[in-house]
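Read the structure below first, then the notes.
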């Protein structure tokens, strides 16, 4: 049963100017890529990737709108409701893994990297952010033994530009068994295209507007496939996403209306 | 063996997807029809303007049921044309669920859905979570009569009224709907309920109140179907807590001509329609029945 | 820690035995008070004449609740004097539940119960299984108002109106009762429901229809208590599906001043009152509360 | 959970002019003394002792009123609903057992005797009926190895008179570790008195009007003790019954009114 558990905040880490990690007093044993629904009484409930998947669980929040602002105000001892872990996590089978994360998209990728390294795999990560101060989990990855490439939009750290530029360059020289990506959808869309060219199977973790989070309301369903991001996702294989003409082009708001990322196709 | 004719529609089985369940987009409806095996699909309740609905949590799992308060979130009837188009590829009858904040809105959306090619209209008079829509009309014989009569005047499709057990006397309301020209009755929608989290002392749903679905409402819903079936001569569609073939058969015996399945998808997956179909068939074979009509109303 | 004062009665804990549960004889009520640990006991609903009630089955266990249709079986108010006498040895307040087929009968039985020394009267306006008694009065604001007003005229004890969620608008009915002078509200009685056995195709209950109790009705009952508490200023007594301290606390947070326990006795035994008391105490100690009143209405 | 099971009648045995045994296709593994609630759709549901407790279960019915008449019309293949086994069965601890059964009261005693013999105990039974043709389970007991005394009101078989007369005589010469009785309440009342004189602990199986049969409605509660015949019973120890001024004097009808067996005390 998918009931709500009330968890206490044990630790708060300020990762960047706008991102905080909350370590809770419950262990949900999630697979990296799975999410939990986070309830702030009287405010809202939203999906968050599990960023620390074994032992005390953690979530990593980018302050964006009302919900995340209220969440980021919470202190140690604060209580939040947790439903989960839910959805399908990443599936690792190769030995040389490549991760491409943009911004808070690193949240599900970091535990994936740590687990993979523990299992003796070789992990490379491309971590991107707008600016140096917003880079997430770079130290965490390095500590785990991940080879890390960094890019920032403003060039304050690493390559000046996008993760996809670094990716393109890297794939000129090297190849990988699998690629995993999470971040802005436009970025993930490009990552898929680039990796596909090089025949590297890729999994992406999608964001959509979740209501039920459990596969019943239909608000997160992808056009073209009918797949539910909260249930069959949030991680999808490139092949699955290729069947959806929605991926990379639009999402649906709380009303179920299509909202285009760029111009209408 | 399971095929039925209902309100002029041919259904390969008498199991429909209930409104509000995976019903907000065409891709979703099509998947439930093709992979799920539903005999017909009912869309999310659609209104005149896009609605974001209530804040989360909009869905909570309880010990023996589910609470939801989506708040009639829907893209509005203008944008829903493409969804119906996509849903048609599911190749089963499409019943468009309609809600309104006035008689006029019910009529207007119903007319437009007819234009989009829906096979029937289900008037949502049962939704317990939004002030002056849904159950507001389903609580009163007069209002229920008027909304059905108004829609019937301008819509040529079969019109089904979906009722709530929250109404003091659901049988009287069903009869009022029949009088007004309704072609069928769906009973029941979810029941107004709530859950308070005792660790925080707060209502869990964003909207505080929500609708109770799932196996816990089945005995109430079966009673409604039984009572209504005895009093009306139009088809009755049962809804509430169906997860197995046995559940569905109980509804047929109570007089239901068809049933809808909602939250049962959670425990048995999207293919619940195929599974329940098989279970009904097994029961019929074991007991020597050759058509669904032989068990309809057996307990009356 | 758990003692409360309610309508002038001193209760050692806020947990009452619900009407119709082990309530047809004094020996039974006394046992629930002494061995069970109930803070107060409500008698079976008593009327003017002895009633045999419905034929069996009168009680059926379902997956997540219970169906009953006892049919107001009771020995009648004349013979009930001895039972109240015996029950008094239980040493807790006795609330006499009263039903009638007319205003006059409610008044008459209420007066007599006062004479027998009951501590309060609960008017059963919630019973779903007998035609013109119980819920018949509880479905209508006018009837509910009148029955309460009539009883208040001639009975000096505190008068509690027990309501049903089957009524279209339970809040309006609760307000009508308060207007008429009711001293308290009990919410809710069981909900009209049924079960059909699919192997025989027959309704299981002798009366076909019955009342649904148990954990499946709790979310509906909590909602009723929450909505009523916000609108009336008299005490509200919660009832429906309480089996644990957590259940009771949810009701208190929704605004209940006390609660009643019925079918919970089946899973936890007659000592459920002691067990639930302990669980509430534990919760209060863990969370630093020292009196029940500190949690009442917390979620409002 | 105490849900209803639909059972098919496998065999019908006409035990006497007015008593039939129905063997069903379900095994409820009852303890002798326990009962089941027997549902006849559209008619009624009543408690019946389990007269065959292991393997296919059996019930043994005396045709009395409407319900039992309708039940006795059923043929092999007929369906009835069964809830149970319920209540508390007899508790055997002694080695020399005495059973006193009147009429259909033999139903719960016969399986008790069979089980006891199998466990190497010595069993004596006093079986009473109005007339020879109504004697129940005498052959069954003998076959099991029970020493059987018989009494009939009209003297058509065995002792002419009541089981209690036979009991009194027997207890002049012999003693027993335990006594078990089932039959008309006046008879059981006398059995208790006689056995008490001889200090033989006795258990009696009571009949009361059952509605719920499961301990919630209160219609079967015994005055003086508050014990539920359907839950703490139907078998009671002599000590328990001594605390009830109801036992032997009155029972309660469907309305809960007291009905006195003889004259009002």
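So that you can tell them apart, the chains are marked A, B, C and D in the order they are listed, and the count of residues begins at 1 in each.
The rule is simple: contacts are C-beta pairs under 8 Å (C-beta built on N, C-alpha and C of every residue); 3 or more make two chains touch, one makes a residue touch a chain.
Worth saying up front: this structure is predicted, and the values here are computed from it rather than measured.
Counting steps between touching chains, the shortest path from chain A to chain D takes 3.
Chains that touch both chain B and chain D are the following: C. Comparing the centres of all chains, each the average of its CA atoms, the largest separation from chain B belongs to D.
Centre to centre, using the average C-alpha position, chain A and chain B are separated by 36 Å. If you average the Cα atoms of chain A and of chain C, the two centres end up 52 Å apart. If you average the Cα atoms of chain B and of chain C, the two centres end up 33 Å apart. Counting only residues that touch two or more partner chains, chain A has none.
Shared interface positions of chain C, defined as residues touching 2 or more other chains, are 62-63, 202. Interchain contacts link the chains end to end along an open line, per the touch definition above.
In summary, the structure contains touching chain pairs A-B, B-C, C-D. Every residue of chain C that touches chain B in the complex is listed here, in rising order: 62-65, 67, 139-140, 165-169, 191-196, 198, 201-203, 208-209, 212, 215-217, 219-220, 222-223, 226-227, 246, 249-250, 253-254, 283, 295, 298-299. Note for the complex: chain A touches chain B at residues 1-4, 6, 37, 39, 41-46, 79, 81, 83, 210-219, 221-228, 252-258.
Note for the complex: chain B touches chain A at residues 20-28, 30-32, 35, 44, 50-53, 55-63, 66, 68, 70, 73-76, 79, 86, 197, 199-200, 202, 204, 206, 262-263, 265-266.
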